Amino acid sequence: MKMFIHEIKENENVDSSFLVKEKTSGLAKTGNAFLKLKLGDRSGEIEGRIWTSADALAQSFERDDFVRVRGKAVSFQERLQINIAHIERMGEEEIDASDFFRKTERDVEEMLKSLVDIAEQVKTPCLNRLLHLFWEDGAFVDRFKTAPASKSVHHSYLGGLLEHTLSLAQLVSRNAGHYQGLNQDLLLAGSILHDLGKIDELSYRRSIDYSDEGRLLGHIILGLERIEDKIRQIPDFPRDLAMVVKHLILSHHGQDIWGSPKKPMTLEAVMLHYLDDLDAKINGIQQFLKDHLPEGAKWSAYHRIFEQSFYAPTSWEPLELPDKIAKTELEGTE
Amino acid sequence: MKMFIHEIKENENVDSSFLVKEKTSGLAKTGNAFLKLKLGDRSGEIEGRIWTSADALAQSFERDDFVRVRGKAVSFQERLQINIAHIERMGEEEIDASDFFRKTERDVEEMLKSLVDIAEQVKTPCLNRLLHLFWEDGAFVDRFKTAPASKSVHHSYLGGLLEHTLSLAQLVSRNAGHYQGLNQDLLLAGSILHDLGKIDELSYRRSIDYSDEGRLLGHIILGLERIEDKIRQIPDFPRDLAMVVKHLILSHHGQDIWGSPKKPMTLEAVMLHYLDDLDAKINGIQQFLKDHLPEGAKWSAYHRIFEQSFYAPTSWEPLELPDKIAKTELEGTE
Amino acid sequence: MKMFIHEIKENENVDSSFLVKEKTSGLAKTGNAFLKLKLGDRSGEIEGRIWTSADALAQSFERDDFVRVRGKAVSFQERLQINIAHIERMGEEEIDASDFFRKTERDVEEMLKSLVDIAEQVKTPCLNRLLHLFWEDGAFVDRFKTAPASKSVHHSYLGGLLEHTLSLAQLVSRNAGHYQGLNQDLLLAGSILHDLGKIDELSYRRSIDYSDEGRLLGHIILGLERIEDKIRQIPDFPRDLAMVVKHLILSHHGQDIWGSPKKPMTLEAVMLHYLDDLDAKINGIQQFLKDHLPEGAKWSAYHRIFEQSFYAPTSWEPLELPDKIAKTELEGTE
Amino acid sequence: MKMFIHEIKENENVDSSFLVKEKTSGLAKTGNAFLKLKLGDRSGEIEGRIWTSADALAQSFERDDFVRVRGKAVSFQERLQINIAHIERMGEEEIDASDFFRKTERDVEEMLKSLVDIAEQVKTPCLNRLLHLFWEDGAFVDRFKTAPASKSVHHSYLGGLLEHTLSLAQLVSRNAGHYQGLNQDLLLAGSILHDLGKIDELSYRRSIDYSDEGRLLGHIILGLERIEDKIRQIPDFPRDLAMVVKHLILSHHGQDIWGSPKKPMTLEAVMLHYLDDLDAKINGIQQFLKDHLPEGAKWSAYHRIFEQSFYAPTSWEPLELPDKIAKTELEGTE
Amino acid sequence: MKMFIHEIKENENVDSSFLVKEKTSGLAKTGNAFLKLKLGDRSGEIEGRIWTSADALAQSFERDDFVRVRGKAVSFQERLQINIAHIERMGEEEIDASDFFRKTERDVEEMLKSLVDIAEQVKTPCLNRLLHLFWEDGAFVDRFKTAPASKSVHHSYLGGLLEHTLSLAQLVSRNAGHYQGLNQDLLLAGSILHDLGKIDELSYRRSIDYSDEGRLLGHIILGLERIEDKIRQIPDFPRDLAMVVKHLILSHHGQDIWGSPKKPMTLEAVMLHYLDDLDAKINGIQQFLKDHLPEGAKWSAYHRIFEQSFYAPTSWEPLELPDKIAKTELEGTE
Amino acid sequence: MKMFIHEIKENENVDSSFLVKEKTSGLAKTGNAFLKLKLGDRSGEIEGRIWTSADALAQSFERDDFVRVRGKAVSFQERLQINIAHIERMGEEEIDASDFFRKTERDVEEMLKSLVDIAEQVKTPCLNRLLHLFWEDGAFVDRFKTAPASKSVHHSYLGGLLEHTLSLAQLVSRNAGHYQGLNQDLLLAGSILHDLGKIDELSYRRSIDYSDEGRLLGHIILGLERIEDKIRQIPDFPRDLAMVVKHLILSHHGQDIWGSPKKPMTLEAVMLHYLDDLDAKINGIQQFLKDHLPEGAKWSAYHRIFEQSFYAPTSWEPLELPDKIAKTELEGTE
């Protein structure tokens, strides 16, 4: 069974699987070579050192490999590290990815099914066709089920993109009829397509980071390319419709300073922007609170991107009034 | 029957009721005094001139009075004006306010009832009590049913504040459960209370403008005062609860540059801000399109506050695919 | 011969060709219908009125038609207008477009040839091929030779896009070697391709304005689509190269607030941005000075987009020192 | 021969010259005084400790002195330091400044000659005279050859100001004729004079930092004073010409937020600003890449002032197409 | 006696002196030439027309001349204009400047004396000397007594610069001792010198506008040049002192976006900035209220530079409590 | 007698009182529990460790208690810590608060008396009464005498709020008459009331930080509530007067980006804002210089909130001219 890094205690024996995040060699005072590793799993990172047969062992695995490690946890300069007695490479099939990477807590296949179901609400033929072309694209679906929705701000875990897309599509489905005159099919299709460029913007095989394309072009452009590519496969897809679909993607960040080259100019684009922003922000805060709201505290740590702290008292009992107030109230209203 | 200003044509006789918006006197080339009026109704404004017995007639009505006017429409320097033969003051009971002021198109009493019903979903005793105290305050309810939600940006017509509040409360009621861990009672109460300071911020007896208090203090402060006043009437209202309710009001504009002295710091405040902003923006655009989207045009005029135009082609037929595409599609998906 | 609007004087006879920019009808005090036209040519606009046989004449031409007009210039409310005695539609082949639209003062074919010559400096095969595909695309070339580079800020006249592109390509060609380590082929190709989306962003058949696609998507996206389309025709075009080419297009405005979704991240993108901005700014000022530097004045009118006036004394004689100073100087340096 | 700090290895003997950057004394656990030094050279910094005869040795040198050090490199808390056995002050004549300070890689005298040659292109007598007065001012020339162009952003090494000035003057000389109507003499003189206040703004005898005057007044003001001082020596220097020269200096940062009290208002000032900015930015990035682009990496570290990373793959082979593509292309174009 | 423009009434005879602000000629429908003048005095502007002997009369005066005009006020297109029967040039000695230009309401010589007296509080020899050099400079003093402090924002009338400088010097003199450790001599000298560049930045012989130097260099730079010029006349003026004096001038606008190339970095500079800003703002508002607070209104017009309206109810009686409250209060406190 | 933390030296015995700022337990390599404390006093913080009887001693005191500590100062990883031999809880009555917290250096009671005296200059009955109500509110006065004026920027020490309020009231009292037409009573009352919400915004029993209310509502809202509460106790307090008083509080930060929901719209509000800002800024700089201007240095450290350093040479001798200059000067002026 996997022993997680945050469970390791001083002077204990360690026998578990880890991901090799860094691998460097050094010279000990004795003049012998040693290996310095940064090992990681879902729960954190720990240093590991190989003092014996370092040169030989160094050949047997590389950075980004999974390894089985046996050794002992010792304290060095107030931090734990593992003196490694034995190390060997593991195949990816031997490990459980969720031990190593943050993943959505929801079932991916169920989420995908729910999203496809919502997509079926889209009745405009060519829009419905457009969505189908994506579901039929196996390579796309594989990445779409795995990708996170951002590097760190919100839904930044495997499956996060799907989770965010589904949540937004649900919000859109539930509220699209609240205002008259909006094209609900357009809005739904937009919600499903809006962030799909993130499957290319980010790289997420070992850790979540931006790809070269992601940094140089960004997910809005990368998403437009994928959509353009599908539209080209639909004969006589109306140019005007393609234009407003692309405008939804292009403008969903709302403003140039948030990365949208165009502000939302249609009612659908305005609504999509607000609901997308709402979903990203709420998830971003909730994800942040999980890690940065100390046990029992009312205030989170400072969130550097949102430039503020959040107030989240864990219990809301004060909201309950004592009995006598409740009575006064009931009398008062009658 | 009321003849509206936008229906008046050159050289026609006029016999209708108007609101006196300005009243000044001048000297004609003949040396005689004349009266120059700005007359208005719901559809626009027109100038009126009284050349005969101006001094006498001037005594019989004041600015902001309703008057019955008989005369003839003539063109002067390319604009229409009315040469007034007869004018007399009307009592407010003789006129139909909706002929003179923009009003919500929805039924005010029904909207209020819907809002009160939503308010009953709030089960936390002291929050429920707080809302009741407002419904029991007749003077408040009268103003709340009449007030607009802004001078010009959104819901800027009589009854607009109620319409906006109801729309937001519906959005909140429908979506509050979408995310876990939010206090739905707090969110609902916040949506109902968030803008009520606008009943004092604006003056709206004859035309919509800011009151002195509105300009100097603003609706956020004025609303907080009214809420504080009611809370004081509820014994043992928990101080912490009062604090988070007030924070919702204080932060609902989202950022200091939009007039909120505090950014939203609770999940409820974040969600309320986004949904409020969404509702104001969508209504603001729809209201603008009514007046500033020329018949048959796809692009609205430039909106100076939003700093953009909006794209709103009146028909969406291009969205429909020709038959053969639809067929291809159906075949394609099977 | 064409009589230009700015040459028309009060009480003179007019017999010339114009473009119909607006056409509305009205009722004269006599009860007869009349036609009110806005007529334009390269030099300005003037109102025209048809008082006789208005209904019949109204059938014979439409807005955006060219017409031959005979009549007399009269002054009405301190502005000139033409009382039109005769009007008839002209075929486009009868008029000289440059009488009606601002055009580049340079020879379009020569500019195109110069640009194609510069393009031949690009030796990287697939980049060279990419440029060729554009030159081989007749519909593209036609629009590219006609399009302006902007609605009003710089090179905002027919042929302006080509003029700006050539000027930038010359700057790039001349300076690309000034710094070591830049890929000159990439830089040259980028300079030629950077603004080509403007052929779709703007509409410029009768007057220069934005197209629907231009407003909703913008020339950066529209240009990327055209480039993507050509790249798809080149087998095995390296993905990395496509990526940096697209990055050049995407980032050439330099910053998000200037409409670039990505900041320049390569040395080539940085250089392209500065030289593009320089060329646009200098032309923009020179174009503005032509119209807004009163004869003999040293200061231009206020430029609302640049938010400043420009200092451009027409003569620079003060730069010449009087003889005696020059002598002193010569002595002084020896 | 100089052993550089970055070459020192654990347990090796050290015998080399260094600059004393800090010098403090402490008490060892034994109760004896010891000296703690921060030693530096061009390649970095290292700590040195003197445990024996610390008091006596402390008298023999001061901070900012060059010293010859003999001792042994040891590791303390994972960082190297030198246990110093012997230390003695060196005269400045004994050291080679380039061992200690970053310097331009180009020949200073050659650069100066090139700049003076360009200056001779300026034919307007009093501008030519103004430039001569600077070349004739030995104290000025000495500082001008040594000064860096900034503390850290671009050309931030000895000789950097001259290098930047020459590069800009070359750009100006090469491009001044690209647009009609610009005064090339003014532009050339401006490029040569634009940053000369930096000889006073920065202090750069031991390390590059701001002088008091530099912080309180800035190089724009300090440069204007020096120019004003020379102009006063030229009888009848035209006041208008002085005004536009000073405007060039004053506005060359382009905007108030970049430190220019006036925006460029002449065509010359606009062009100078863009080319100056281009040269500073390109050099700034190239200088940054040297230190912050890890071997083999495609992405630089994050540049805190530019607020971005840069993409600079070291090889551009992907730009080369495989043979078959190249052939296809050749065939395609014929 | 002068009849002011705002006193002229329709159909009255006019016989008064005016300043010729514009002078253009036109052709009447009769074919005869006529002259169209814009005439001004302190109270406003009015159009004048000369229908008879226009050509001859046109020779006798120029724009910017003072003229005596006889004629009749008539109404044309709802605005008054003067049909001029006779016009002749006046010498400047015949007119009273205060009839034509806005001037300070305070006695200029008295203000100057007060300022010189305050300057005498400066005891540091070279600062005292510096101030004396200005008082001894007759040409400077003449302009300093006449110049306005701005074109339109504050103290924008003849003598305004002196009035503002004196007001600021008084504020500084009164408050300099409020905080410990500030150099009061420096602060006083700074307050007296801070804006003196405005005598060159503005032109104010006929109307207040910017000079060429003012636009291209600005009063901060122009003031520094004048101060530098005087400092050069004081042998051994300490360089450090010159530096902090110049820093006061340079930084007194507080921030780059308000035109200061350097932020205040000394306590004296910080204090000077705040008091200067206070004095400019209060005067600016009071000056604005004089013209833009309608009689009896509580709210001023919208101030476009300050981007707001001001609340200034003319009476403050509501501040007085009715007697009984006052009594309650007195009892309450005892 | 208190031994302060900054006086403790390595290997000395320690016997002094401290505040327990943190208290955590750990396991030593021996397997025994130990206690790790963070101890503080006015002069700084130091770590303390209890190795013996840690469990037993841990019961005898808590975080935020004052304790008497006996032990020995040792160096661990280059920092001092105390090996604690004995520790015991102290009563608050045994300690001198000023040993532990930064306090104003001025006498609190004297400052309060001065402020109450200034308040007596307010003659408008209800304003005078309003101020009295605060002085009569013992709980308020207690907090008002203790509260700091901010967490860290200015007057951030016990008694700082009173010190700042008095300083501002003195400035207002001294300058209120400088401009005509300002209501001095209103201005004075505003200066006294402007920041009183800070007694609730901050918590300052053990260290200065924001309270929950402070973060969620801010001192402007909290102050308005307290003022509203007192006004309610004054019968017939004029609504208009309450409005302008509240506007003063609401707008005193000057702009939305500085936390004021409304800009100052009355002359009194404008003046109050400037003088408040001046007082906060000067104190903020002086307080910063005390800690961050190294002995003998001319430049302070970088102030992260003000985003600059300050120039404050400790001696100003350079201001004195040598004798001969002084003489020249005297002669020169006569």
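As written, the chains take the letters A, B, C, D, E and F, and residue 1 is the first residue of each chain.
The working rule: contacts are C-beta pairs under 8 Å (C-beta built on N, C-alpha and C of every residue); 3 or more make two chains touch, one makes a residue touch a chain.
These figures come from a predicted structure and were not determined experimentally.
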| item | value |
| --- | --- |
| Shared chain contacts [chain D and chain E, defined touch] | C, F |
| Most distant chain from chain F, judged by the mean position of its C-alpha atoms | C |
| Pair joined by the larger number of C-beta contacts - B-F, D-F | B-F |
| Most remote chain, CA-based centroid, reference being chain D | B |
| Inter-copy rotation, chain A to chain C, in degrees (Cα atoms; steps of 5) | 180 |
| Length of the line joining the C-alpha centres of chain C and chain D, rounded to whole Å | 41 |
| Centre-of-Cα separation between chain F and chain A, whole angstrom | 43 |
| For chain A, residues that touch 2 or more chains besides their own | 77, 212, 215-216, 240, 244, 247, 265, 309, 311 |
| Pairwise chain contacts, counting only pairs that touch as defined | A-B, A-C, A-D, A-F, B-C, B-E, B-F, C-D, C-E, D-E, D-F, E-F |
| Residues on chain D engaged by chain A in the complex (per definition of touch) | 10, 75, 77, 298-299, 309, 311 |
| Of chain B, residues touching chain F in the complex | 212-213, 215-218, 220-221, 224-225, 228, 240, 243-244, 246-247, 250, 256-257, 259-262, 265 |
| Sites on chain F touched by chain E in the complex | 124-129, 132, 136, 167, 170-171, 174-175, 178-181, 183, 185-186, 234-238, 240-241, 244, 247, 263, 265-267, 270-271, 274-275, 277-278, 281-282, 285-286, 308-313, 316, 318-322, 324-326, 328-329, 332-333 |
| Touch list for chain B against partner chain E, complex | 27, 29, 77, 212, 215-216 |
